[in-house]
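Multiple structures are listed underneath, in structure tokens.
Shared between the two complexes below is chain A, which pairs with chain B and chain C, respectively.
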Partner chain A sequence: MSLLHVSGLTKEFGDLVAVDDVDFDVEDGEFVSILGPSGSGKSTVLRMVAGFEEPTAGTIALEGEEIVGKPPFERDVNMVFQDLALFPHLTVAENIGYGLKQQGVPKAERRERSERMLEMVRLEGYGDRTPAELSGGEQQRVALARALVNEPALVLFDEPLSSLDRKLRQHMQTELQRIQTETDTTFLYVTHDQEVALAVSDRLIVLNDGGTQQIGTVEDLYEDPASRFVADFIGDVNTVTGRVTDLDDDRALIDAGTGEIPVPRTAIAADVAAGDDVDVCVRPYQVSLRDAATTETDATDAFASTGTVLSRSYQGSDSLYDVDTDAWGTVSAEVREDAFRNGEDVTVTWAPEHVHVYRRDDEDRPDGGETEDRPDGGETEDE
Partner chain B sequence: MAGRSDAGSAIGDRIDAITAYFRSRPRLRTLVVAGPPYAVLVLFFAIPLLVMLVVSFQTSEIGGPWTLSNYTNFLTSETYLTVVWQTLVISLQVTAIIAVVGYALAYSIVRFSRRTTLLLLLVILPFWTSYIIRMYAWINILQSDGVLDSTLNLFGLPAVGLLYSQPAVLIGFTYVWLPLAILPFYASLTNLDPDLIEASKDLGAGPIRTFTSVTLPMTKNGVITGLILTFIPTFGSFITPRLLGGTNNIMIGMVIENQFKSAFNWPFGAAIGMVISVVVVALLILATRFGGGLFGQRSQGGAEA
Partner chain C sequence: MSALSSLSAAVERTVHTHAARMATAVIALVIAFLWIPIAVLVFMSFAAGGVLSFPPEQLTLEWYRVFLTNDAAIDAIVTTITISVPATIITVTLSTMIAYAIDRYVFPGRDWLQMLATLPIIVPLVVTGVAMVLFFNGTLGLPEYVSVVVAHVIRTIPFATLVILPTFLTFDRRLEEASKDLGADELRTFWQVTLPNIFPGIVAGGLLAFTLSFNEFVYTYFVKGSGDPTLPVYIWNQIRYNVTPEVNVISVVFLVVAVTMVLVAVSLTRVDLLTRQ
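Up next is the complex of A and B:
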């Protein structure tokens, strides 16, 4: 039995479908992130689990028990708020002890458990200060301690790290992982920041426009994205447009403007049919560059185009090149060699087995329509 | 300055000169900025108060010999002290009623209403009508066979004839000061971060516990400000109790007014006024000690600390 089982979860605000039939499970001890752009419905999902919003339809079961309809103060979950929501009129110790006080835990035990929590988050001796006297990072730790001290079945995070600078955020990510392991608690973490989500999570749930795009481990999502949206949202990707000219059980012939290229069927989304317009996606690290003079460009077994190097940025072990290709416009390539100069003519190629092919669908892209603008919630991504 | 036109630079130079003049004389600068408000306070508050203090130590007419008798007469008279006590009781009752009614109103406006601006406007609207006219309207409502009684009759209920009773005075005061108290209540409630309420519930506190341990403490300053704005004018009021309370509900403000207007015993009136001022200021200091800052200048959480 999963610790948290969410099924058919839907939330409508008037005509707007904020969350549309979402299913997922969180196992005991897992660190799961809900990742999506703003307006994707991720915070609404979290607020429904916490009890601040009532779902329009669907069920939420915590430890096998249905919790929809229960008020927030009767749910065995605690939330770390985006703006932390520390009580400014209480000391740090009183903030942490607030939940225990509601449970009727005696004062001496409250103090002892608060102090142990402060130690856990490395803020020993901060108990008598007020939240206003702490730095942003310290306040994050207090908010975390205030949730953890109650030993809830599940801790919810509503993008609490988004206000921190990059360095502190990375530090807090590691801290979160350490504390999660030490306390053996289950974390459900909502964020729009793929960097945070990739760094800390065991599994990711990718939401867009209120619907689930994909659920899986970081590797699953990166290596085998279920949609162009996921490919684009998790990591960087090149997308070129093409058309499926022929399709059978083993392979498809795809014409991306450089002739028909056979692509293995496993690289092609299930709903693609012959004749469809498709997006062909490839990660920059799968793209190779060659000197234009020494290679022939009319290869029939790989995607290839000539082009000119636009820019090069050094990334430590790799260099990232932007190449203006004749066939597809700008393509990024992440390669080991750094022999190419700006303005140099090169050939860009990648192997057909490294692509992911999705049916072309304009609603699917992250930079496309915002959720708020959708005229009709009933429209789904298939039509 | 280099880039200016000739005319502009002439004015600019003068401005620069004036700025430089004041910059080198910080005391003069402070005087120019803070002087006018202080002048007004001294002219219309401190000097009259001083005059009143002087007058209160004089015998029955101004310019007469010095005496303490005005104070001793007042402080030893059981009649007057009873009136002071009665005034205190009524003021506290009004303050208590306004605390409950006003807070509930402000809370519902903030938490449950979408038409906040409209409702606030309605709350403040009575201020546009003259105080006296509103009091006469209440006389019309409360007198025997008035609007209240005839409405009660319609529903087959007995008439109450509230005018010239203590409830009438309480109703009048509540009506008059409610808008004044609601504004600070409202301001403090809108400043309250709704996330704090959610955090409290998330941590296991029900609605009542959340109200007593988060909402109320977080809005304490606004509440105290509102209550002070109610208590002080009620304590010194004389029109409302005269019009709605008749002769049975004497308040100390009426006594003072009487000394000046009918009895022409200004020194005695001044002495009572001084005593009452001292009592009210003492209560104020007590309230600010208790409440953490009049008008909220000591902010929550000690951000300046």
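Up next is the complex of A and C:
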């Protein structure tokens, strides 16, 4: 039995379908993230689990018990709010002890458990301060402690780290993981920030426009994205357009402007048919660059095009090149070599087994349907 | 055009370079015109001799004794309090309800309610005073006491609402969600989270209402008939017929009431805590 079982969850606000038939499970002890752009319905899902919104349809079961219709104060979940919502009129210790007080835990025990929680989040001795006297990172820890001290079945996070600067955010990420392991609690974490989600989660649920795009581990989503949206949203990706000229059980022939290339069937989305216009996606690290003068571009079994190096940036051990290709416009390549200079003629290639092919569907595209797609630096900033 | 813009540029430069000094000068003027006369008045309440001449020849507590043994003055204070206390309670209740409604609900007439509640600040006191005499005493035939209390409520509601409303508007509703999330039901959430956070504003509004009501003269003068005078009306009558340093003593009483109210407000509302947020 899953700790949290969500099935057919739907929420309509008037004509707007904010959450559309979402199913997922969270197992005991897991760290699961719901990832999606703003307006994808991720916060609404969380608020329905917490009890602040009533679903239009669907069920939410916590430890096997249906909780839809129960008020928030009768659900064994605690939330870390986006703006933290620490009580300004109470001290840090009183904030943390608030949930225990509602359960009728005696004062001495409340004090003791608050102290222990403060130790857990490394804020020993902060109990008598007021929230306003703490820094942003310290307030985060108090909000976390206030939720954890109640030992709920599930802790919900509504993008609590989005207000922190990047360095502090990364630090809190590792802290979250440590605390999750130490307390052996189940976390359901909502964010639009793929960096946070990829770093901390056991599994991810990708939402877009209220619907589930894919559920899986970070590796699943990165290596085998179920849709162009997921490919684009998780990590960086190059997308070129093409057409399926032939399709059978083993392979498809795809013409992306450089002749028909055989692509394994496993790389092609199930709904693709012969004759369809398709997006061919490939990760920058799967793209190779070669000196145009020394290689022959008689590629009949790989995607290849000549082009000119536009820019180069170091990424630690790799270099990220933007190449203006003759066939597809700008393509990004992440390669080991740093031998290429701006303006140099190169040949860009990638192997057919590294692509993911999706039926063209302009509605699906986060960027509004441009054909030349430059991966953005991977940083999704605050909404 | 260019002459005008160069003039405004010159003004701007002057303001920019002399802003701090000008601010100091303005503050000095305010202090001079407002507080020096008050300081003199307080000082004069200790003046010996029956006339208001400065400087006094001798200092004495005589006039405080006269005031405390003056039954008419003490009656005036009692009368004032019997009007101000109920008026304040009614005002705070109504202002809180108005502020709550404006903050929480969208309803037809919401903007009008806010304007109606604050309108009495703009309308000249004399106009409202005359109107209330005609309406309460004439048309409705209300008892004098009720008329005065209602007049005080009308006088104080705008100020109390203007003080209470911001506490509602700045109150973070997420705190109520957090409270419920942590296991407190609606009622406990109200007592433990909502009330403590809006209470300072309500107290401040109430103290302001009480101070205003205690000092209220114009409405009271119009609406009140021949009955016992309130303290401001009493002092007015004294000045007209018989100016003694006892008037200064009564003025000091007003000051003490006002200052006490401010101190009580500060201590009750933990202003230090609010300003730190």
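Methods note: the second predicted complex is superposed on the first by the 367 of 383 C-alpha atoms of A that agree within 3 Å, B and C clash if a C-alpha of one lies under 4 Å from a C-alpha of the other, contacts with A are read in each partner's own complex, and residues count from 1 in each chain.
FYI, a contact is a pair of C-beta atoms (placed from the backbone, for glycine too) under 8 Å apart; a residue touches a chain by one contact, two chains touch by 3 or more.
Computed from a prediction, not measured in an experiment: that's the story for all the values here.
Novice: Since both structures carry chain A, what do chain B and chain C do when superposed there: clash or fit?
Specialist: Overlaying the two structures gives a clash between chain B and chain C.
Novice: Which partner does A:2 reach: the first (chain B), the second (chain C), both, or neither?
Specialist: neither
Novice: Should A:99 be classified as contacting the first partner (chain B), the second (chain C), both, or neither?
Specialist: both
Novice: Look at A:170 in the shared chain and tell me whether it touches chain B only, chain C only, both, or neither; answer first, second, both or neither.
Specialist: neither
Novice: Which holds for A:71: it touches chain B only (first), chain C only (second), both, or neither?
Specialist: So A:71 meets both chain B and chain C here.
Novice: Would you please give the residues of chain A that touch chain B in one complex and also touch chain C in the other complex?
Specialist: Looking at chain A, the two contact sets intersect at 50-52, 71-73, 77-79, 81, 83, 85-89, 98-99, 102-103, 130, 132-133, 146, 150.
Novice: Hey, which residues of chain A end up touching chain C in the complex?
Specialist: Chain A residues touching chain C: 50-52, 71-73, 77-79, 81, 83, 85-89, 98-99, 102-103, 130, 132-133, 146, 150.
Novice: Touching residues of chain B toward chain A in the complex: what are they?
Specialist: 193, 195-196, 198-206, 209, 213-214, 217-218, 300-303, 305
Novice: Enumerate the contact residues on chain A facing chain B in the complex.
Specialist: Residue list for chain A touching chain B: 50-52, 71-73, 77-79, 81-83, 85-89, 98-99, 102-103, 130-133, 146, 150.
Novice: In the complex formed with chain A, which residues of chain C make contact?
Specialist: Residue list for chain C touching chain A: 172, 174-175, 177-185, 188, 192-193, 196-197, 273, 276-277.
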